[in-house]
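Across the two complexes that follow, chain A remains constant while its partner is chain B and subsequently chain C.
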Partner chain A sequence: MSSNVIPAIEFRNITKKFGTFTANEDISFSVAENTIHSIIGENGAGKSTLMKILFGIYSGDSGEILIKGNPVKFRSPLEAIDSNIGMLHQHFELIEDFTVFENVILGSEPVNSGVIETTKSGIAIKTLIDKYKLGLELDDRISDISISQKQKVEILKLLYRNSEILIFDEPTSVLSPVEVEEFFKIIRKFKDEGKTIILITHKLNEIKELSDRVSVLRKGRLVYEVDACGLDLDVLSREIIGNVAAVHLPDERAVFNNPDVLIKFENAKLKKDNVDKLNGLSFTVKSGEVYGICGVEGNGQSEIVEAILGTEKIHSGKMEIRTRDVSLVPDDRIGKGMIKEFTVGENVLLREKKFFIYNAKRIKEKARDIISKYDVRLSDETAPLESLSGGNQQKVIFGRETGLGNKLMVLVHPTRGVDINSSAFIYKIIIEERNRDKGILIISSDLEEVLKLSDRIGVIYKGKIVNEYGKQDFTFRDEAKKQEFMTNIGKAMIGAEV
Partner chain B sequence: MIESILSLTFLAQVLRMFTPYYLGASAANFSERGGVINIAIEGFMIISAFSYAFFTITFGNPFVSLLLTIIVSLLFSLLYALLTIKLKINQIVTGVGFNLLMAGTAKFLIMFFYQSSSNTPNFQPLPGLPFISDIPVIGKAAGDYIIVFGFILIFISQFVLFRTRFGLRLRSVGENPEAAETLGVGVRVYKLYGVLVCGVLSSLGGIWLASNQGSFSDGMIAGRGYIAIAAMIIGKWKPVNIFFACLMFAFFEGLEITLQITGSFLPSQIVQMLPYVITVLVLIGFIGKTRPPAADGVPY
Partner chain C sequence: MSRKLKANILSISLSLLTTIILTSLLLIIIGKNPITIYGTLISEVFGTGYGLGQALFKATPLIICGLGLALCFQASLFNIGAEGQLNIGAFVMSFVAYNLDDYLGIMVIPVAIAAGFVMSALWGLIPAFLKIKRGVSEVITTIMMNFIALALVNYLLIEFIAVKSTVRTERILDTVFIPKLSDISSVFQGSSANMTFFFAILLAVFMYFIFYKTRYGYEIRSVGLNPTASRYLGVKTNRIILWSFLIGAGITSLVGVNFIFGYKGYYELGFSNNIGFTAIAVTLLAKNNPIGIIFTAFLFGVLDYGGLAVNTLVPKEIMLVFQALVILSILAVDKVVKIYYLKED
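For the complex of A and B:
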């Protein structure tokens, strides 16, 4: 990329403060046209803030942004959209009660004297869906489709508005491995079409696979930039994390002789809308072990959690939960795990049983406890939880749930959206809890994570555990063995014969 | 008794009961689809019924009065919008305030203009549609402009809400204003539109009641504005369902009146309870979960 070509976007000395907290400090770099440019950094490094300034959601305190050489200052996202910039947010901006079609056209409706024209525009949108293989149906209601499909609806909205510069804010954090592959294909297709893509992420493999150039942010500053061809992952990781002592997983795994069975499913079946979501599910979780369930999302994982919580009843077979106290980190942290309008302290206190009255001091103590232990980055202790970034919210929930000291923990995507440092810390806590004779069920689409943490693994496919592995099966002597195992488990996850 | 229910007189009765309910319920629906709760339907009907009586008595022309009354209602709607949308005052509190204000204003003005504590002088009701009005028994109801409009309103509401840009944007604002705004929908403007449409429709409800009675009297709206809101909720904010909910209310109220006239073995208190008891039973048994627009009542 020679320097005499005008870049698609140029950031010049961008600074943004929230009170005393500096989110962006003097950031300058440019994004070349028709490239995939990754911005990487931990939770709270300032990536999202920078993009929100570009997109007109925040205004920067100082500095300027140039689009194709012209200085711009968007006062609202609308002005950014008009300049053919589109952003895929971490939290979707969809109207749950609307159909896919209605969500896509809202704001730029095709109309004949006020009446919405559905035939021609329907065909046009369908063409976009087919071209980028999004696999959506125009008449499906948003509340009925999966998270990955919702994300595709957001992408479709950008395409419908002819966005040339696309910003993706941690797009893969809600996707399973198979869906991530699909997503990569879509991104590459965008590049082939001449679009410019900014990818915000904290996953190293995405950078390796997709990007042309990488910018690293740490604590609000741009600390490192490199072309993908000269990329050294070790250097990159160091730049992302900075000088922090690495957290090691405890190697020792305590052995317990008479484990209690905490969860027992036996040939359980659960129907939803006449579809068998659990179809002959059997597995047990004992105390003093981590049981990992891996599989492609939508194969019954959420139904397992719902059955354990009692929000859905199994129709046949058996389910026994032999403890009354269950800690849960749910899949949808905003919807199920917390009250987003409450502060950190209030959310923690909410889960406690033995208290009658409380005061501000108690809330503050609760909050500080988790904030310091889990390195939660926030500008204000009294701010609502929704103002924290996704990864920080996750840390709060995880911290609260492990702090309860319950015999059984059910963790769904325990580190989704969480940065490397905090993930390592969460892993450490999980193993420590296991070594205290707790029973832990992990449901995750991150296979590496499941392998790292589990004593036993069950592969779920179409509501059934199709394969089970013990620790000896996935303790590898060499890389080749690991590859072989990964291939096998990958096949099991998509229902191919092993 | 059965003969009296199956008669055309009964049908005409139900049509008359149905109209103010459906106008009020549709009014509330347009406001709530845009995310603004308006429990002042009752108040809007009261002030419109009085205004219509006042203008007709003063100017004589029923159609001019109709227009002027709608303007009065629009002015009150603007005030309601100013308080709830612009100043973000709690919508329930504002609604309660409007109900009290409008009932009190009407009562005061009857006293002021007509030196009566309870009612205005009589006036000529709105003329009916030509020809149809002359049909015996049913003609007076079937030939009534506003009753006919009430029926057409089912299709208008359905079309406007689900086939036009206006409807799509109005609903988006009631469901998720943040998302709507990022897509360039003027959130407050659409909320305002919803409140204005609400003002016009509830006004027609009040006008019809006054015209039908040929006068305005204190207490004549008799809670119909609240029943209309209940019908909207039972109808799950959908025009066609609201239609059936209103029809149900109208049917049982018609039944109550018929039973009272013809006499039945049931004590009259029990008969009067009928519409409400049935409503509660329907709510428990058949309606299932109702889901309001997601951002209903939330100031933006």
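For the complex of A and C:
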């Protein structure tokens, strides 16, 4: 990269404060044209805020942004889109009842004397789908397609609007390993086309695989920048975390004689809209163990949770839950895990059901308890939970559910969208709870995570556990063994014969 | 004081100011001096004990009905059926009252209130049941049940119960009336305001406590904010919906206490004068906060009586315009406060 080339984007001394909390402090760096530039940092490091300023959702308190050398100040996302900047948000903005086609044209409908023109625009969109191998059908309803397909619809929207600069906010957090590979191919294709990509992520391997350059944010400041050729993952992790002692996973796993069976599925079947969501599912979870279920999303994982909670009934086979109280960390933390308008303390009290009177003192005590025990970072403990960053919200939910002291815990994607430091912390607590003779069921699409935590693993495919492994199967002597195992489990997840 | 509370007070004050300015413009257009009109209104209402008493009397049923609605609204149940619910309840209340006052004496008051409450609650059971079991929108069912309720009461009253050549029930004994405010202080001489007002205030304080300081309140509000998450958090959502609807509808019947035991002594067709609908505005304006409802109901009470007081100068309908403008401006101002004060996007 030569210095006399005008960068695609240049941030100059960007500062943004929310009340007394400084989200971005004097951030300056540039993104070269036609590169993949990663921005990495922990939850609450200021990545999303910076991108929202670029995209016109927030306005910065000071500093300026230059696009191809020209200073810009977008007052709304519409203005950013007009300048060919597109952003893929963590939460999708799709109309569930509309088709793929309708969602793509929404907002910039091709109109011919007042009537929406479908033929030409249909062909144009179809061309984009084929070109980037998105595998979407124009007439499919959004409510009928998978999460990864929804993400592709969002990408298609950006392409349809001729975005030259693409911002991706944690794009892979909702994808399974196979889907991540597909996604990477699409991103590389964008680069080949001459587009500029900003990738916000937590995942070090993504950076290594994709990026040309990396900027690290920590507590609102830019602390480190490096080109991909000089990338050292150890250095990078240190820069992300800062001077915090790394949390080590407790190695020792307590052994319990006579464990209780807490969950037992036997040849369970569950139909939803005439589709077999669970189809001969069998597995058990005992006390004092972590049972991990891995698989591509949509193979019955959410139905297992629904069945355990009793919100869906199995139609045949057997299901026994030998404990009434189940601690649950659900897959969708905002939609299912909390009342986002309530504070930390209120959310904890509501779940505990212990007290009848909720006075300020009690709410404060509960909040302080969780905040200190689980290292929750927040500016104001009376603020609604929605104002916390995703990782901190997860810590609150996690802490709340652990605190209930239930014998059985069901954890769905326990660290989705959570930074390295907080993930390590959550892992440590999971193992500690296991060592207290709790039974823990983990459902996750992050294979590394499942391997790291579980005593036993079940691979789910089409509503059935197709393979089960014990700890000895995934304690590896060398890297080659591990690779072999990963290949096998990957095949099992997509239903290929092992 | 939390930032949110400050923002609420700010937006209510700003919208009142906007309304006063807009109404003034209207008054100027029709050739009246706004200062004279507002001046007369204020001196008529606040300058005399009678005027203030009348404003309190008008505010009382709005507070009570608003509290019943707040319970439904907090659980995100958009109950439009208060008008029907309260008429059924008040009708039964008076029926029980004049039939049993001879035997029970003063004790007829709680008995009649209980009977009215239960009837209104049962009337609310139908939409609640349809919503829980069949997912029918309560907005539609409650609107429709208003017509049924009023027709039913009309039929029963005219056919069987009404005092000859009137549209009212028999009057209760003088001995079972609730004391008037003028019985305590001569300041309120001649006004119909009665002790029901204090009962309404107590009820508001009690509801405030329930909503914001107890587990039930948190469960009700959580169901209103996010029913899915509430279920995952272990709240029995259907039970909350059922009871909020029943008790909310029941509370609306208490509007009858002000009229029957505090004022006329009987149920009369059209007594409610659309309180069930006006109370929706009162409640929304107060953002479902029981303490806020006392103030918004009082504002509407002042406008209601004040409209009569300035009737010689301007048509009293100008006060309806004022009420409508308050609601419109709070909707607009709220958004502005959210963007510029709370900095939400």
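Simple rule for what comes next: the second predicted complex is superposed on the first by the 498 of 498 C-alpha atoms of A that agree within 3 Å, B and C clash if a C-alpha of one lies under 4 Å from a C-alpha of the other, contacts with A are read in each partner's own complex, and residues count from 1 in each chain.
One rule holds in what follows: contacts are C-beta pairs under 8 Å (C-beta built on N, C-alpha and C of every residue); 3 or more make two chains touch, one makes a residue touch a chain.
All values reported here derive from a predicted model rather than from experimental measurement.
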Residue contacts on chain A - larger count, chain B or chain C: C
Which superposed partner A:Glu96 touches (first chain B, second chain C, both, neither): first
Touched partner set for A:Asn70, first chain B, second chain C, both or neither: neither
Touching partner for A:Thr487 - first (chain B), second (chain C), both, neither: neither
Contacts of A:Phe356 with chain B and chain C, given as first, second, both or neither: second
Chain B versus chain C as contact partner of A:Glu341, first or second or both or neither: second
First, second, both or neither for A:Ser59, with chain B first and chain C second: neither
Chain B versus chain C as contact partner of A:Ser28, first or second or both or neither: neither
Shared contact residues on chain A - chain B and chain C: none
Parts of chain A lying in touch with chain C, wherever the complex brings them together: 18, 57-58, 309, 311, 328, 330, 335-342, 346-347, 349-351, 353, 355-359, 382
Contacting residues of chain B [partner chain A, same complex]: 163-166, 168-169, 171-172, 175-176, 178-180, 182-185, 291, 293-294
Chain A to chain B touching residues, read off their complex: 77-78, 81, 93-98, 102, 105-109, 111, 114-116, 157
Residues of chain C touching chain A in the complex: 2, 212-219, 221-222, 225-226, 228-235, 343, 345
